[in-house]
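Every chain is named by a letter (A, B, C and D) in the order it is written, and numbering of its residues begins at 1.
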């Protein structure tokens, strides 16, 4: 939808915390690959530090965090700050999955995680296509800003 | 080197000291006292007795995982489900921090939950609650409290659960290695599991039957034979340590011919290998879950999933109807979610359990034959790697992809095997990876896939695979 | 004297004038124009074409009655159910005043509903809405709009429905006599039904297939053979008047052996009698409803009823899965109630329709044999009373209780026959009243009841009968 | 429950209006019979006038009206007045069934029909025993008042 199809980039992916729900992010990774992105896949049970190190190493445009344990709110606390401290300025942060223990109004969930510094927040059942369209736009924006 | 060999009592008790020292509540566990405690519980609270009753009376019992962050909340939940959901089994899910042995973090979640009165964990922090907490729970209801969980190292958690009056667990080595840990090596998982099973055997030998369950791995989207081979290996570990009562979990994928056949093949081959390897007097209770990668978000369709699960349970002669609540796709279920789901299941079970329906046997014969060949090809290769020992060759089997899992959380998985549905909704090998299969087997699956391609007029692809994973969630078989 | 004889065109058109004069909207009906109208409708809106498609493709379609007091509300309801309920058939229930030909009272209810915007009737006042109203409805959706109702005299209502674009109805003489009227004598009901069927035949002969359905009477709690005999008589009336497409309704009681057998026996004997009496080229579409006297109040169990209904549909090869919404026990369902119910049914149908399960044939054989004998005993007696004419002896059969119904609203029912469940949940004759049964048959049922008494340790009674009527509602088979 | 077991009486039963739902009232009739009451059963599709005439003829203590069409409110309008006009003073009137088209709060349904002159109102699924216990009490009360 308007986003340039030549936009590519590097994405670090993984499931945060003690969480083992790997399938969702595997599907996203496959889709990223199919769309020409470089994927640095960290798998399940990834700590904040591991995400940051991988992003630094690969000079990533974005970090995709998946979380299904219901503990996401605690697990990503101050992640944006740590990214900035580590020098990952304006890195694109997406989070998706079953983020909270109780189903709440989606708007509230989204707000909660946007306030925590995420650029975009996705509910369970998000189609990979949607995330990739968004990513292309955000990367473009980020590069324009960087210029 | 791992070996499938019973721990000596010495080794067991030495290791036990370390285990119980992992968290202060470990001190509460006293084996002899716990055995006495079990013997004074009403027999209907014992999981094995309850399963035996079901088997003898053609009954089917719904079962699901349920976990709240505090004993008090868990009691409220289980009592409600027992009464309003007419439950026969009351699931207990430990939280995921406990499963990862992060008892400190679990303690924080527990305390915060106690303080705020709101569950802050995705299950019960069993270790933090301790033996007394679990006993309070067990004493608050009439049905067996049934721990349902996987963990790479469940030793302390199971110690506390058994001492607390629970009489089953699922020390399922491959499930826990592949699905419940990302970094723990297989050898380590084998060791913790041998310990847990030795503990179960210890109780059993002293007159308190404890049931062990296994399903091999989370089987959604993967043809049954690989899971069957893996289940059998997991069960062989259990019986070697003295376990006598097995809850053999079967997985439904939606095509009833395949589902029923695979459950029969699973039980048959298990018996053959138990026999061959000299294990006697093993009691088996089949259970079934209609295993989906994604449960329906829409409540109507989720009742239809329970319908299939119950029908499968009936057709395979399962005692356990292992279901997910209608809230599964969304969040941790409330007590009302569980009770409503259970009431539905109960009525379905009541309606169907004594009916005279069955599978069309003719169509089933070829399917059974092929599946047996597949399972044995894998098992025999694993035994070959281990010089006849089912565990000694397991690490190599995992490394080489003779045992494989495409949706493993653990990094140590070849991840080559892929499944796809055929035109009747049975799962076929889209990619056999390094499974030690004959050309006959490979061709059988290829043919089935080709049939589907012919019917739908285009090739299957990775997208087909994803859409297959989500079909049932949307109310379709394929 | 009634006779099963096709109305001459003269008689038909003479009677037609009276019929159309019953209410001003009768003037809107023009047969030739209506036939043209049908021919220009998309074929998938025709009920017969849709049933034929289902039969050829092993599909099962959910069906239920739905009625609101105005066309606008009905459109909103049907569109919602079509979209959100993934419906394949869209039921239409006329209100009960219309069914009783009290078009004046219906008019008041209709006008009040239009004024207040709230449904004040328990269904659509079809006659008051007229042909243009029904056409608006038919044109607003893509599925066939399926009138589902009974009435002692549906002549005008059916005239309007057919002219409005509907292509099925249920001129079910015994159902309508016993269940849908309290005082109308059988002879009168036969006459109105011959008229309606003649009308359906008229359309059919001119290339617009119209389907007629029958289920004999509301069968809950009564053994199937009596209903089967009655259905067949109702269907024989229909075909004599030129009906070519039959929706043969079967009734499930909960025991799948009995349910499947009775549906097969019903179809088999129907064919035999059609053949014997010389009717050719009759197309049959079986449907099934799990018929309860009381639907479950509790939503969980009501999904379990849909489960059984769908399973029955699958096992008997039905095209129509005739269900009640989860709100059935309480009130006229809302559009959300219907959509949720239909989504569940759709997913269940999708999951089950192509599966390879069936009934255990061995157990079924004796049951089938006995049922055939019962049905033929009744039918042959009725034919004997009528000197070979299936309707000429019907009034006498009803009077003497050779045809009977214990739960008839009509006073002209012997009301002696009673049913009770056996220990497997099949319905048996507790009292055979004046049914012309041999000792062999009577003993068979006695034995089955004795078996249950032995199992439960006490005699069955009227209370057992009542508790049987309510068992499924409470989530039990018996 | 306190009610004298020797209390007997005569009850007119039936389904009102165009309604054919006969099963519920059949079960009630059977129970009344079993408890020694005289039942004058009118069956289905009974008009207000038919109920009143039957009650006059049998000198009934009570009329049991069953209604499942959802049209009950309209069908029983001014029934109490007509009873009184006909000389059926203080006759006990019960109504039961699925009275309204939409499920409403039971308290409201009950109030609606009590205001219409019914002594007691019963929801679908009422057990016969309950109705009979009530009836015994009400007959006793009525006779005491009559004294």
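General remarks:
Note that in this section a residue touches a chain if its C-beta (ideal position, glycine included) is under 8 Å from a C-beta of that chain, and two chains touch if they have at least 3 such contacts.
Just so it is clear, the structure is predicted and the values come from calculations on it, not from any experiment.
Traced through touching neighbours, the fewest hops from chain A to chain C number 2.
Averaging C-alpha coordinates per chain places the centre of chain A 31 Å away from that of chain B. Between chain A and chain D the centroid-to-centroid distance comes to 68 Å (mean Cα coordinates, whole Å). Chain centres here are Cα means. That of chain B falls 57 Å from that of chain D.
Taking the mean of the C-alpha atoms as each chain's centre, chain B and chain C sit 46 Å apart. The multi-chain contact residues of chain A, meaning those touching 2 or more other chains, do not exist; every residue touches at most one other chain. The residues of chain C never reach two or more other chains; the list is empty. In terms of inter-chain touching, the protein chains here are arranged end to end in an open line. Chain pairs that touch one another are A-B, B-C, C-D.
The residues of chain B lying in touch with chain A in their complex are 96-97, 99-100, 102, 109, 119-122, 179-183, 293-294, 297, 327, 329-332, 407-411, 462, 466, 469. Residues of chain D that touch chain C in their complex: 15, 18-23, 26-27, 30, 43-46, 69-71, 98, 100-103, 124-125. Residues of chain C that touch chain B in their complex: 86, 254-257, 296, 298-301, 303-308, 310-311, 315, 339-344, 346-348, 350-352, 354-360, 363, 424-425, 472, 475-477.
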